[in-house]
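Chain lettering (A, B, C, D and E) follows the sequence in which the chains are written, and residue indices restart at 1 in each chain.
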Amino acid sequence: ERDYISIVGSSTVYPFSTVTAERFGRSTNFPTPKVESTGSGGGLKLFCSGVGSSTPDITNSSRQIKSSEIELCAKNGVIDVVELMIGYDGIVLANSVKAPRMDISLKELFLALGKMVPDAKNPNQLIENPYKTWNQINPAFPATAIEVLGPPPTSGTRDAFVELAMEGGCKQFPLIADMKKTDEKKFKAVCHGLREDGGFVEAGENDNLIVQKLAATPNAFGIFGFSFLEENQDKVQGSIVNGKEPTYDAISDGDYPVSRSMFVYAKKAHVGVIPGLQEFLLEMTSKRAMGEDGYMSEKGMITLSEDKRKDVEETARTLRVLKAK
Amino acid sequence: MNIIDNHKTRGAAFCDNPKLKARNVGVFYGEKQAIFDVSLDIGANEVIALIGPSGCGKSTFLRCLNRMNDTIDICNVTGEILLDGDNIYDPKVDVVPLRARVGMVFQKPNPFPKSIYDNIAYGPRIHGLATSRVELDEIVEKSLQRAGLWNEVKDRLHAPGTGLSGGQQQRLCIARTIAVDPEVILMDEPCSALDPIATAKIEELIDELRENYTIAIVTHSMQQAARVSQRTAYFHLGQLIEVNPTDQVFTTPDHELTEAYITGRFG
Amino acid sequence: MNIIDNHKTRGAAFCDNPKLKARNVGVFYGEKQAIFDVSLDIGANEVIALIGPSGCGKSTFLRCLNRMNDTIDICNVTGEILLDGDNIYDPKVDVVPLRARVGMVFQKPNPFPKSIYDNIAYGPRIHGLATSRVELDEIVEKSLQRAGLWNEVKDRLHAPGTGLSGGQQQRLCIARTIAVDPEVILMDEPCSALDPIATAKIEELIDELRENYTIAIVTHSMQQAARVSQRTAYFHLGQLIEVNPTDQVFTTPDHELTEAYITGRFG
Amino acid sequence: MNYSSLIIAVLILLAGAYLLGRNRARQISASGNRLHSLPTHYGALMALWTGLPPLLLLLLWSLLEGPVTRQLLIAQLPDAIQTGTSTQISLALSKVYNLAAGAELAAAPELQRAVQHLQDLQQRTRLLQTGMVLALALIGVALTWRRIRADLRARSEVEALVRRLLFASSGIAVLTTFGILASVLYESWQFFGKVNIFEFMFGTSWSPQISLRADQSGSSGSFGAVPLFAGTLLISLIAMLIAVPVGLMSAIYLSEYAAPSVRQFAKPALEILAGIPTVVYGFFAALTVAPLVRDMGAGLGLDVSSESALAAGLVMGIMIIPFVSSLSDDVINAVPQSLRDGSYGLGATRSETVKKVVLPAALPGIVGAIMLAVSRAIGETMIVAMAAGLAANLTANPFDSVTTVTVQIVTLLVGDQEFDSPKTLAAFALGLMLFLTTLVLNFVALKVVKKYREQYD
Amino acid sequence: MTDSSLTTRQKVERSMQYRRGRELRFRAYGLASVLFGLLCLLMVFGDILSKGLTAFQQTVLSTEIYLDQDYLGISRKSDDQELFNADYEGLIKSQFRERLGVENRGERRQMNALLSAGAGWQLRDVIADNPELLGSTITVAVLLDDEVDQWFKHYRHAGQTGKLSERQLQWLQQWQGDGRLSTQFNRLFFTNGDSREPELAGIRGAITGTFLTLLVTLLLSFPIGVAAAIYLEEFAPKNKLTEFVEININNLAAVPSIIFGLLGLSIFIGVFGVTRSTPLVGGLVLTLMTLPTIIISGRAAIKSVPPSIREAAYGLGASKMQVVFHHVLPLALPGMLTGTIIGMAQALGETAPLLMIGMVAFVVDIPGFINDPSTVLPVQIFLWADSPERAFMERTSGAIIVLLGFLITMNTLAVILRRRLERRW
C-alpha cells in the first residue's frame, strides 16, 4: 500500500509539479511525491480510474478537464475533484537569433500555417494554402520558405496553439467568421487545420530538440513553450505576435495572445488517506511556490496575479470541489 | 546381377539362441526405401559380419538395431526387432536403456568436443557405472587400453578429442562405446581408418568381447570378416541376400550375387 | 622399436623428376611437434603411398603439401615445400591456385550440405572450368563416373550429398576433387569406407590418373599400397623412417621399424 | 518471514533435499541394489518436489493475499462504511493500510479496530505463510524420501517434470501474444465503432488533427493507415540497407578473417551499439545526421527537408547492426570446420567459401538474425520521432519526412487527448493492425526459410 | 583461342585474375564494415564524452558561514525536529547579503539566484551530522546555481554571460579574483536521486532502479528464454501448433515496445495488482520484450549444433534430456549469451514501454527493493533531455556516460563467459 503522493499528468506542468514535489519532500517529513509525465489525457484517464491507493492522487493538466472526463471520473467513483489553476504557459513562435526577428499578426500566421486559406484574388473562396515563402504573405517578410516546426496533433500544446493563434487569426476573415454561425463544424475544420505540405513540420514533443534544430536551421521557425525560450535566449528569439513580444509580463498580463492556463486536479477523498496530500496542495499554492518570486516562476512558469493565487490557495485549504458542468 | 523382387534370403538367417531378432524389417528415407523386408537373427555370443557393396544398406540396418534411426526425421522403420524377445519398436520402450544395452560405433568417428577423458567418461557417468573418481579413472584407462589407444594419449587425457588423428578418433569412439559395457555392440566399419596393427588390436578386442557379448560388425574387408565373425550376412541393394557361417560364405556361397561380390574381390 | 633421435631417412627419399619437394619439414600443433624434419620428393606421374601406424603424422604431412594446415590456428609448419621448384610456403604465394593445383581428398568425407550435383560442380564453377551448363554437366557426369558413383546417384543428382551412405560420400569427395582437374592429388585413405569393388574402381582411377598427374595416397592397406604405388614412404611417430620403391619396401625393407610394421601385419 | 527470505529458505531446503536424495540413493546402491537411475536423478527429483510446490504456493499467495486480506478487513470496517459504496470502502481500506503502516493521519476511532485487526492479520498471515511454505517443502521431502527405492524411475520422472517446465516456458510466449491481443482488442473495437475499418486500412491520408476537437464524438477526419505502413516500410528498408550489409560483412570478417584477438574485442564493441539509449541516437540523428543529409541533398540540387526518412533510417541502421553482426557471427562460427576445409581443399578463396558454403549452411540462423533486426527496426520509436518528423506523407522518397506506425502509436498514447477520443483509440487499432501484419509477414518468412534450410554434417 | 584449348591450370590462372580482386574487395568490405561500426561507436562516444564529462564537475564557492543559533531558532542542539526545520537557506542568504552589501530587492533577487536551492539543505546535512558546530563559524563549499556553474565551466571561456546580469557577474568576478570559486568533483551526481535543480540532480536512484529492473529481467528472461528455445527446438513435436508458436515468437519481436507497456498496464498492474512505477513491473515488462530475442537467438544456436554430436550421445544411451543439457546446450550457450547480451542491452536502453507503467517519473528517493517506486537510467536521460535548463544538457550526457559504463560492465561479464564457452568443431 502506498504512503507517498502519486502525481501523474501533463508534461508541460511536469517541471513545475516536480519542483514543488522536491521542495515538499525535502522540507517536510513526508516522502517525496512521485511525479509521472504521462500527458494530460493519459493523466486524467489514470486519475479518473477510481479511488484508493492504487490510483493517483493528483493529476496535472495543461488544459481544463473535459466533461467526458468528468463523467468518467464520476462513473468510477471519483466525485470530489479539486481543481487548482496554478499558472500560465505561453506558447511562442521563435526562430534563430541569427535571422531577423519576425513581427507577425495572427491573421498572417493563419495564412502561413492554415491548410485551407481564403483565396487572395477571390476572398469568397477557400483554397489549399498557396504560400510557399513568407514574403508571399507580406512583402515585409523575408523571402525564405515557410518552415515551422511544431507539436503533433496529439499534443495539448498543439491544441492550445490552434485554438488561440490559428482560430484567432482565421476568424478575422469575414468568409470564415460567417461560417462560424452557419456551419460550426466546418469553421473548426478550417481554423484548426494545419497545412500538411511541409510548411508545418510536426516535430515531436521534445522542445529542446526543436530549439537545437532552429539554431542549426536559421530559416526555420518553431512553436514551443515559453520556458524553453527563456532558457535559450542566446540561441532563439521569440517572434512578435500582434505587436506583442512574448515576455513574462506580457504573457502574465494576458497581452500576449497565445497562452493557456495550467491546472492541477486532486482527489478530495484521498485527503486524510494519503499522508501529506493536503499539505502538498498547500505548499503548491503557497506564495513561496506560486508567488511572483516563487520557485515555480523561477522555473519559468508564468504566475497568477496575487489575488488569484490567494483564491487558489483558499480552494486548496477548503478543498472546494469542482461542480459538474 | 539383377535383384529379384520378393527375394527370400538364402542360408541360415535364424539361429537357436538369438539375442536380437529382426523380422521383416523395412526402412524408408522419406519416399525412398533403403531396406527391404529383412529378417535376421543375431545369436548371443556371436560375431556377425554384415558385408555388401557401398550404399546397400548395411549402416541403415545396423542403426535400426538400437533405434538410432529415430534421430533422422525422414527415416521410417517397419517390421519388428526383438531384443531378448521384446520388441524394441514398441512405443512403450524407453530408448535410453535400450541404447545403453545396444552400443554403437559409428562409421564416421564423432568424438565430442570435450577432452579425451570426458569422451570416455561420459557414458559411465550418465549410467552411474562408477561410484568414485578412482573407479572412473580405471574405466577410462581400461577402455582406452582395450581400444589400443592408451599409450598414445595417456599423457594428454585432457586434450580435446577432436584434436586426434583419424584413426585415433576411431579408436576413441570404440573405447567410448565399450566403456558403458553394452550387451550388444554394433560396429560400423570400426577399423576403416586403422593401420594393420591397430586393426589387429581391435580384432583381438572383438574376439575377447564375444565371450560375453553379441557383436554385429559392418566391414568391407573380407579378411576381417573371415577373421572375426562366425556368421556373415550379405546385403545387396537393401535386401539381405544370404546369411551363412562365415567360412561357408567365403568358400561356397549360396547365392550368385554373393559369389560375384566375393570373387569380384578376389578375382 | 625405439625411435632414434636425429634420425636420417633411409632409402631413396629424393628422385629425379620431382613435382613436389619437401625439405626439413616440421609441424607443430601448438607446443606439440607432430612431424620431425621430413625431407621427401614426390615425382611427377608417380603414385607415392604414405603408410605408418595411426597417429604417426601421415595426414598432417599430407595436409602440409597444399597448405591445408593453414586452417588450423595452432598448427605451425617449418621447413620448405617446393611445387615445381617454387616454395609454397613463401608468403607471396597465393594458396588458392595452389590448392587448385594440389587437390585433396580428406580422411573423413565432408560433402557440402548441397545437392550431389552442386557438390561436384562447385570446384569447376569457382575456377571457371566450364563455360556452359552442358560442359558443366559433362564434368559432373564424368567425375562421378570415374569415382564409380554415377550409377548409384544418376537419378538423384539433386538430392543432398549428406544423405548418401558413408562410402558414397567418400566417392563423392573423390569425384569432387578430380572435377577440378588438379596436377597433384593428395588422398587421405580414399578407400577406407569402400567395398572391394568400389576400391578396385578407385585404384583403377588412380592408375589412370597417374599418366598425367602426381598422386600421394595415405593408406592402411599394404595390398593397396602395393597395387597402386611406385614408391612407399613409411612414417613413424612423426619421422619419415624410410622411402623406397614399393616392392622393395614390402619385400626387403631397409629399416627394422618398417620391417616390424610390415611383418606385424603379415605375421 | 518476508518473501525474499522465504524464497531463500526454500532454496536452501531444495539444496538440502538434493543432497539427501542423492545420498539416500547412494546408500541403496551401496547395499547392493541396482538403481534405475543415477543418484543425482534421485536428488534432483527430491529437489524438484521440495522446491516447486512451495514456490508455486508463494506465487499464488502473492497474487491472492491482497484480495483476501481486503475481504477480511472489510468485515471489520464500521457498518456505515461497509454498507457504503465501493469507493468509500476502498478509501477506508487505503486509510487503514496507511495507518497500520504508521502514517500520521487523523483517523476516526471506529477505524482503529480495523487497523488493529489488520496488524494482527498481517502478523498471522506471515506466520501462516511461513508455516505453510516450509511445511509444504518438508512434505515434499518426506513423500519423495519414502518413494526413493531402487526401482523408482527417477530419471524419467525428473525429465518429465523438466520437460513440463520447458513447455511452460514456451507457453509464456504464447500467453504474451494473448495478453497483447487482450490489451488492444477492446479499444480497437471501440475505435472501429467510430472509424470505418476499411477507411482505416486502405485510406491514404493520415491526419488525426482536424476532425476531432473537444467533445465532438463523430469523426470525419482522416485515419488512413497506409502512409504509416508505407513510412514504416521505407524507414525499415533504409535501416536494413545499412544494417544487413554492414552487419553481415562484419560478422563474416570477424569470424572468417580477423585475428581472434580482434574478434574478441570488436564483437562486444559492436554489441554496445545495441544498448545506446535511443534518445541518444535520436539526438544524433536529428542534430548531426539530418543536417548532413540535407546539405548533401542540397549539394546534389535536391530538395531535402530537415526531417528525412533517410537520416532516421541511417541511424536506425547503425543501431541494429549488432543484431545482424553478433547473431550471424555466432551461427557462422558454428559451421563445422570440415566444410570450410572441403572448400579450401578445392582451391576456393575465402570469400567463395564464405559465400557458397558457409553462408548457405548458416542461413537459417542468419535469417533469424535479420528478422530480429527488422523487427527491432519496426518497433523503434524515438529515432524516427526525433529525426524523421511526424508527418504522415505517403511517399517513397527517402529525402521526405515520413512517420511510422510505432511513432504514431506512442505519440497518440502519450498525447493529450481524452481517453475515448479516436485519437487515443487509434493507437490500439494501429497496434493491432501492426501485430497482424507482422504475423502474416512472419508466416511467409517461415515458409521461405524452411525451403532453404541446409542440414550439414 | 577457344576455352577447350586452355589447360586447367591456365583456366585457373585466368580466373584468378578477377577472383583475387573479388577476394580483396570482399575482405575490404568486411574490414570496412567493422570499421564503420566501430567508427559509429566512436563518434557517438566521442560526442557524448565531449558533452558529458563536465557533468562530473560542479562549481562551488568556499565561504565562511557563522552558524547563528539565534537566527536559526534552535534552542536545543539535540532536538532533531528543530534542526530539521530551521531556515538554513535564509541564514546563508542573510550573511551573503551583509557581506555583499546588497540593498534593494532587485539586487537581493540577483544575489539569491547565484546560490543553489540546495545550499540550505547542504548546510542542514552538515549540522544534522555535527550539531556541536552550531554557534561557530565554519568554512563550507557552498553549492552554486546551475547558471553560475555553466558560466564558470563554459561561458566564461567563450566570453558569454548566459543569463547572468552585470551585477551578478561583478560579484562572481570578485569571488573569482579571491580564488573562492572552484570546481570540485560532483559527488552529488552519484549520490543523489533526481532533482529539479541541475546542480543537485543525481543518478543514484536511476542506477539503483536500473540495476533492480534488469536483475528482474535477467533472472526471468534468461532461464525462460533458454528453456523455451530448448523446448521448441528439441522437444516440441513438429506440427502446426509448434509452427504457430514459432511464428508467434518471431512476431513478438516485432511488437513495438510500447505495446508491451500496454500489456504490462492492463495485465500486470490491472489484473495482478503489481504496484505501478516499480522495478518489479518494469522488469516483468522488459522480460516479455527481451524474451523473443533470447528465444530466437537460442534456437539459431541450437540449430547450428551438428547432428553427429547428438548421435554420438544417443548412441551411448543418453536420454534426450541428457543430450540436450550435456552436449547441445553447452555448445549453443555462446549463441544464447549473445542473444541475452543484445536483449539486455536493448532492455537497458528502453524508455517507451516504461511510460505506460509509470516509470517515466520524477522519483527523488532511492529505491531500496523491487517494489519501491523508481525510475531507470534511460528514462532519467529522456526526462533530463526534455528539461529546459541548459545545465541538464551536460548532465544528460553525463548520465549517458554512466549508462554506457553500466552497459559495458554488464556486457564484459557476459562476454568473458561467452568466450570461455566458445569452440569450433
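General remarks:
As a working rule, a residue touches a chain if its C-beta (ideal position, glycine included) is under 8 Å from a C-beta of that chain, and two chains touch if they have at least 3 such contacts.
Fair warning: this is a prediction, and the values are worked out from it, not measured in the lab.
Among the remaining chains, those touching chain C as well as chain E are B, D. Shared contact partners of chain A and chain E, listed by label: D. Every chain gets a centre from its CA atoms, and the centre nearest the mean of all protein CA atoms is that of D. Of all chain pairs, the one linked by the largest number of contacting C-beta pairs is D-E. Ranked by distance of CA centroids from chain D, the top chain is C. Chain geometry summary: the mean Cα position of chain A and that of chain D are 35 Å apart. Each chain gets a centre from the mean of its Cα atoms; for chain A and chain B, those two points are 83 Å apart. Between chain C and chain D, the centres computed from C-alpha atoms are 54 Å apart.
Distance between chain D and chain E, defined via averaged C-alpha coordinates, is recorded as 19 Å.
For chain D, residues that reach two or more other chains under the stated contact definition are 155, 283, 336-337, 347, 349, 352, 413-414, 455-457.
The set of chain C residues that touch two or more partner chains comprises 96-97, 100-101, 108, 126-127, 180, 182. Touching of two or more other chains is recorded for residues 12, 19-20, 23, 273, 307-308, 319, 331, 355, 385, 425 of chain E.
Interchain contacts (touch definition given at top) occur between A-D, A-E, B-C, B-D, B-E, C-D, C-E, D-E.
Contacts from chain B toward chain E in the complex involve residues 66, 68, 71, 73, 95-101, 103-106, 108, 110-113, 122-123, 126-127, 162, 173, 176-177, 180, 182.
Chain D makes touch with chain A in their complex at residues 85-87, 90-91, 93-95, 97-98, 101, 103-107, 207-211, 213-216, 220, 282-283, 286-287, 291, 305-307, 385-386, 389-391, 393, 401, 403, 411-421, 423-424.
On the side of chain C, the complex with chain B involves touching residues 29, 32, 51-55, 57, 59-60, 107-109, 152, 163-168, 171, 188-189, 192-200, 220, 222, 261, 264-265.
Those residues of chain D that touch chain E in the complex are listed here as 63, 66-67, 155, 158-159, 162-163, 165-167, 169-170, 172-174, 176-177, 179-180, 182-184, 245-250, 252-254, 256-258, 264, 266-281, 283-284, 288, 318, 321-323, 325-327, 329-331, 333-337, 347, 349-352, 354-355, 362, 364-365, 368-369, 371-372, 374-376, 378-379, 381-382, 405-406, 409-410, 413-414, 428, 431, 434-435, 438-439, 441-443, 445-446, 455-457. Chain B contributes residues 94, 96, 126-128, 131 to its touches with chain D in the complex.
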